Amino acid sequence: MSATELLIELTLMPLVAFVVGMMMVLMMRRIAAKLQRRVGPPFFQPLYDIVKLHSKRTQVSHGLIHDIGIVMAMGGYIAAETLLPVPGMNGIAEKGGIITLLYLMMIPSLGLALGVGQCANPNGSIGIARALTAMLAYDIPLVIVVFGVAYAAGTTNLIDIIATQQAGGFETWGVTQMPLLAIAGLIAMHASLGKQPFEIYIAPAEIATGPMVEMGGKYLGGLFVMQCFQLYTTAVLYVSLFLGGGTTWFDFLLKSFLVLAIPMSIAYLFPRYRTEDLLRLMWKWPVMLGLIGIAFVI
Amino acid sequence: MSSIKQIPVVEAKRTNPLARVFDDLVRFCRSRSLFILHYCTGCGAIELPPAMTSRFDMERLGIQPMVSPRQADILLITGYVSIKTLKRVILTYEQMGSPKYVIGICSCTVNGGMYWQSYATAKKLDEYMPVDLYIAGCMPRPEAVIEGLQQLMDRIHAGEANSWEDYYRNYDYYLGNQQKLFGEDWQTPTDVISEAKHYDLLSNGTLGDHTRLLEQHQKPLEALEMRLGHEQKEPAK
Amino acid sequence: MSKQITHWLDDLLAEIEGIVVRRKSSRRVRVDVPADALPALLELLQGRAGYIHLSAISCVDWIKEDEFELVYHVWSYESHSLVSAHIRIAREPGVYLSVYDLYQPAAFFERDIHEMYGIHFEGSPNMEKFILTEWDGPPPMRKEFDSEAYINEHLSWQEYNPEWLQELVAEGGGVIIPPEEQRFSQKKK
Amino acid sequence: MRPENYEAQRQPPSNEFELNFGPNHPGIEGNYALKVKLHGDVVLEAQADGGYLHRGFEKLMEQRLWIQNIALVPRICVPDPSPMELCYSMAVEQLCGLHVPQRANWIRVMQLELSRIAAHLFTFGGHAATTGMYSTMYWGVADRDLVLDLFEEFTGGRVYSIYNIPGGVRRELPSGFLQRVSETLDYIESRLPDYDNLFFKNQVFVKRAKDVGVMTQEQALAWGVTGPNLRATGLAFDVRRDDPYLIYDQLEFEIPTEESGDAWARTLVRRHELMESIRIVRQVVEALPDIHGPIRAPIPNPLAWNVPAGETYTRVESSKGELCYYVVSDGGPKPYRVHVRGPSSMHAVQVLEKLSVGSRIEDIAQTMFSLDACPPEVDR
Amino acid sequence: MMLTLLDELLLFSGATLLVALFIGRGLAAGWMVTILYGGQLLALLKMAVLGYGGGTIASSLSFEIMGQELSWRFDGLSWFFALITIGSALLSSWFSCGAWERSYIRQGGNIWLFHTAMALNVFTMLILLASGDLLSLFIGWELVSWAGFLLMVLAGGVATSAAMRYITYAMAGGMAIFGGLALIYTASGSLQLEAVTTAVEQMSGAKLWLLVILFGGGFGVKMGLMPFHLWQAPAYAETPGPGSAFLGAISSRMGLFAILLVLVKLFGIVNIESLKLPFTPIDARDLLAWIAVFTIILPTFTAMKQNDARHLLAWHGIGQGGYMLLGVVVADAMGGAGGLLHVFNHATYQAALFMAVTAVIYRTGTSDLNKLGGLVVRMPLSFVVLLIGIIGLAGLPPMNGFVSKWLVYRSLLNQGMPLLFLAAVIGTLGTILSVYKLIHNIFLGQLRVEHEHVSEAPWSMMIPMLILSAIIFVTGLLPGIPLEWVASALQTVGLPVPDHTLGGIESASGSLDMIWVIGVLFAGFGVGALVFYSAGRSKRVHQLDNYAGGHFLSADVRYQYSDNFYAGLMHLIGGWYRGSFLWLERSIRSLVEFLSLGMQGLYRRANAEFYLLTTALFVIAWVVI
């Protein structure tokens, strides 16, 4: 592959991720609206929000780290997108593999944690403490799942993982080969999205939206962008691990949206857990399912 | 009739058509995405949940409630503001990010409403902060609130909702009224004057007798800038 | 409520000296006692008659008599009746005993009366301001506090004089009353 | 008098930190504040801070005519204003010795119970929202709006109806109104299973709300807790039954209780009360067509109405608990003294402070909303 | 006699020690010692060929004691460890010169003893690393133990008791090693390294088990493996700043070196794997792996509860040791490389972290995490160093810790060890949590009023920290550099070597190229920054201009959320901190005390016949068994 092609891919992949991510945000808000018997926001609402937030005159900052945190939050995901193969574009997926991808996906939240930390707001700090705790909760089933998939495929290279799944059609998909892992992965994915009942770190009534408390203007805008990326990355990762990636853009996007619609439809029917209940849940069922799943794989 | 002189808005110098398109886009997005601050200052707040929830669903207009003043664009003063609340309202208003809009809901914000005799409520909201829009009524129905918000959206789109600039341009006037009510040593943590400088909105009305009084009384709360110097004095033992 | 209980309550209350009992309805009893007998009365009511619920403490400022009237409303969940014990204390210095040790809800009412009337309750757990923490005027509920004067001094009103009204006035119509006349018409009489 | 202090030289060396809940906080009902001192996420000390909604009602009422105050009183409690009007009207009626016609009493009961339904729907919504369950809030508030539509139709005001006046009610019911009332009740009743599934039987919610803000019956009695909060500790006390007013002694209704005294029990009591209120309104709807007569006793010229001197203490069961008015007249055109004892003056201050201590940061909001504390009642 | 390169190095090191010993009180002593460390480093670099697959360099020094030949030599493994030792000594010593030294003296510290102890530590460690047979290994081991004790005991007070605890453990460990040596000697009649191989061949399973336990336990004590980890954290934490940086960086890795040398190189992982635990499917290698994993998890989660920055870091030092052992025990190409690379990486970031914390202590006088906060605006460079350090410690890209942990994970994945993998990840997640607490409570959050006049640490402290940060980043970007040395060390101990490039690892089952990953990451940051900074200038505000539920914040109130930082987590796992190991330690101690009391009583009371009887009984028992 020529350097130009690679460069184009590396540029396109985050861009596509952002656009699709905005549509996912829209879908999320529309699903919420439907469940709450509302109309929901207009089609371009996520874009309006992001443009508006970036165009605010006041950009209140508590210091350089506050800025850098947002940059890291956006940049980490932009980098992560290039490791996530999509139909027709592999980016640098073979250079990193899935473990690196998982680690890169942590960088945004840790960057955000730094930024929030500098805001000197106890609400934000509590939010971050809870967010990290939630990460501890859902990453354990997630790594079990990733281990299982990578072990079954014999590689950590996402391109190969997708290729093995696509080899034999539906029968070789991860979800048919490793249904238990797929279920555990879905739960872990739901938790990683931070929606109810796992929404412990936003919790407006408890800690007044936690990490977002001092974020306004482009800072909040950065978080909105990050949310687009987050939804996209999570959904696409799941599709790549269990639903055989995508051969065409159409089925790829269809799978991604459908897979994301599952946690979204559940989320608005639940209150949030307490932190320890979340931990207990995540460490019990998905871990158990995942380990049994791995036992089948090995 | 506001007693503040309207400062003539200088026409934008940009003639680049692309820039105009961009400005228009920005204004459009601003008008289509409004975050309301979740602050129930008074009894009118009871009509906001209906306006936001399933029946009237403000989200279809791009209006969402937000918790922290940093995130919000609109400060809805829902009804009377007691003096204790007014302090918080001003604090919150100054913490909000510009462009910000204030909507006075309920008659009480216009003129004290039925609490005109009350020693505890402020009567005239626009003495203390610039108000973009009043929605009168006691209390206005959700439809009226939404109608008012739509008017505000139109004005934002037209680029007319600039009351927030007025706060910086006439800070002395607003500060004076605040000092009259809260006492001379009144100070919010936000340094409005330096912000006015930051936004290039410093004008004749920004500084005056009242800001001088503020400077006498205040403990300056300058931002804690990063300091690289090593040769500072040793930590106090 | 049977007659027996009524008599029993009357007998019980008769133990207090200087008491005047008036039965207003089957469930309402008004009791007037001297100020120093109130703790004993409340103790009696709470301990022996089951009046365990302090519904409210009301304060009335009888400025002409130069007295505060404190009314303790206590309710019995057993006999379903409410006793209102009235006492009067001197306006100056305005000090009375707290009944917090008998009734915990008294803490709020006494605190409230303290900031609204300036009556100090000895032994109340918290006499700090609650509602008027940022108020430096006199206790506002006292009759001598003139809130209208205070408002005139500190606050101002919107002038309502829209163009259409001006036009109307110019044509000889419309009704324009200056705000001060409009609002304080009662006072000027 | 200054709320802020920017001039400290040192900070306390302790490991505790302070967090301000409110006044601008979604975990606080209305404009109210709770200052908490925390260690980790456990509250060590909680201090309620009210007065943000203080308007000096009691002072204002002394300055206005008896009839003018009718417009003022509902504003004391925004989510549930009707009992305020009624309580004040009853006080004036007692002072004047006015005899209220039966039909007016029945209509008043209907208004009160509809108001209770609206308030309870709102409260569930609030409690649900504090736990992150926004769908219940969206539904609850939207369904409450239908009740407000009824209010609008027969009183003219969605929220503040100003419908009860001393002597009776302000106007006759519109034609076909009772039909619409029962339709709305049918609708709300048909929604209740949905609420149950979504909210009351939701295991996550039950887990969240159980054992939060627990008070025993002894504590509740000692702290002056009333209303649903008291009933949630197992004491079946209701002013409507035990100190009846209007025509409640002619109606059939149960007093639901729960034993555990926690946030869950309190919300569950409200949910059962909602059913009882629907039952009461149905009885009224059934009986009202047969009760004829005036809706208002004649009153003197309201602008020159000197209410005879005297004092009275009226009690009403509002949706939050025991609501009392102590009204003193010196025979003049204005009340000499009106003291409003809102139920929340106990719940939002002492009880909330006491229940918060030792609880966790995530439960403060739940405690407040499950107590259904209404700050304007406290601040007045 | 020709001086070999190793002789040069040892001489240099000895000279450093002498200089510190004799002119250590002088003003410029610190600088002089530092320069000499630099000289040692140069001498070591002259042996660089060792790091790139060279053979061994013997010392011309050798003895014969009691028929045992004592010799010293350097190979790839020794060189790798020596590089870390001297590098961390150089930077720690540099750090200690100047400002820190002055404040240390002002606070009544003995700077002479400090420099001497440091130099002694380095010297003894080099001797240990150079040991050419088991006896010299043992001698070096004891020397290192006592030298470490000297450094730990420096601060006095709490440090003394921590050091006493350390030396108790170390002596017990030394006894175990001595026992092991005796076993080997009886089996093969020699203490040369080759003797072990012969001994292993001759021995029965049970004896081999005993040997593994004795050596593993003995060396494990130094490494702080479970259950011998209790001494380490307080001992390292209470050592004066640069000392703890040095100790944290390398000291306990001597245990790993010895394990590599004896258990891996001489026993061979295969032999260890053949040792089955009776009645279970577990073999000795699994046992070691599980010990490693528990060493990762438990100390990491203990670290999370620490309220003192130094203790927190020291506990992490124990936990990270687990990764090294885990990688080595997995013993495939990636695992071995990961484990050894982690030694290097850990040394860099741990030293940087301890130095950053020491800088904070230097400026504020405390390392109590509840009494700090918001210092980023006053000590931004220290913040950057700490940030880079914790990213490395947490094993996140783009710092070097990521590479070594990635290797360990990959080896576990390749070998199909899900539980170990999971446990390793849990350790990493726990590390992330606990290091965020560290950086948040020191540098982020509310700046305390009394710290408003604090300033950045002086350059004499800053430069070594920045150098370390640069190393952390560069070896993260180009892990090929240290991997080359690691490869050489792996060859020495007979472990397979992974295919490595400058940017990482080549593998058919998924490779890693840090240059790309970091390149993309920074490109992402760049794009993010472009979006972010194109959106209008920020206005900085004071920390009291903050959302507090609409309230006014005041300067006299503490708003910093620091204590019990992960309260929600602790509601679940708080009850799991039972202090079982402390309990174990205490009960063993009281048992020993009780026994010794009993012995005292015996000595005081009993008569000669009794002694005779007991001795006879013991002898009979011994013979019978």
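Which chain is which? They are A, B, C, D and E, in the order written, and residues in each are numbered from 1.
Quick note on the criterion: a residue touches a chain if its C-beta (ideal position, glycine included) is under 8 Å from a C-beta of that chain, and two chains touch if they have at least 3 such contacts.
Small disclaimer: the values here were computed from a predicted structure and weren't measured.
The interface carrying the most C-beta pairs in contact is the one between chains A-E. Ranked by how close its C-alpha mean sits to the mean of all protein C-alpha atoms, the top chain is A.
Chain centres were defined as the mean of their Cα atoms; on that basis the chain farthest from chain B turns out to be E. Using the average of C-alpha coordinates as each chain's centre, C ends up farthest from chain A.
Chain A and chain B have Cα centroids lying 35 Å from one another. Centroids built from CA atoms put chain D at 43 Å from chain A.
Per-chain CA centroids place chain D at a distance of 64 Å from chain E. Shared interface positions of chain D, i.e. residues touching 2 or more other chains, are given as 1-4, 6-7, 17-19, 23-26, 41, 51, 54, 56, 59, 63, 138-139, 142, 379. Chain contacts: chain C has residues 132-136, 140, 145, 147-148 touching two or more partner chains. Those residues of chain E in touch with two or more other chains are numbered 374, 376-377, 380, 447, 450, 537, 539-541, 543-553, 559-561, 565, 567-568.
Per the contact rule defined earlier, chains pair up in contact as A-B, A-D, A-E, B-C, B-D, B-E, C-D, D-E.
Those residues of chain D lying in contact with chain A across their complex are 17-19, 25-27, 41, 128-135, 138-139, 142, 198, 202, 204-205, 207-208, 360-362, 364-366.
Looking at the complex, you find that chain D touches chain E at residues 3-25, 28, 33, 35, 38-42. Taken together, the chain B residues at the contact with chain A in this complex read 25-26, 28-30, 32-33, 38, 53-54, 57, 59-60, 62, 66-73, 95-100, 195, 199, 223-226. On the side of chain B, the complex with chain E involves touching residues 39, 68-70, 87-88, 91-92, 95, 188-191, 195, 198, 221-233, 235-236. Within the complex formed with chain B, the chain A residues making contact are 29, 33, 36-42, 44-45, 47-49, 51-53, 55-60, 63-64, 204, 208-209, 212-217, 219-220.
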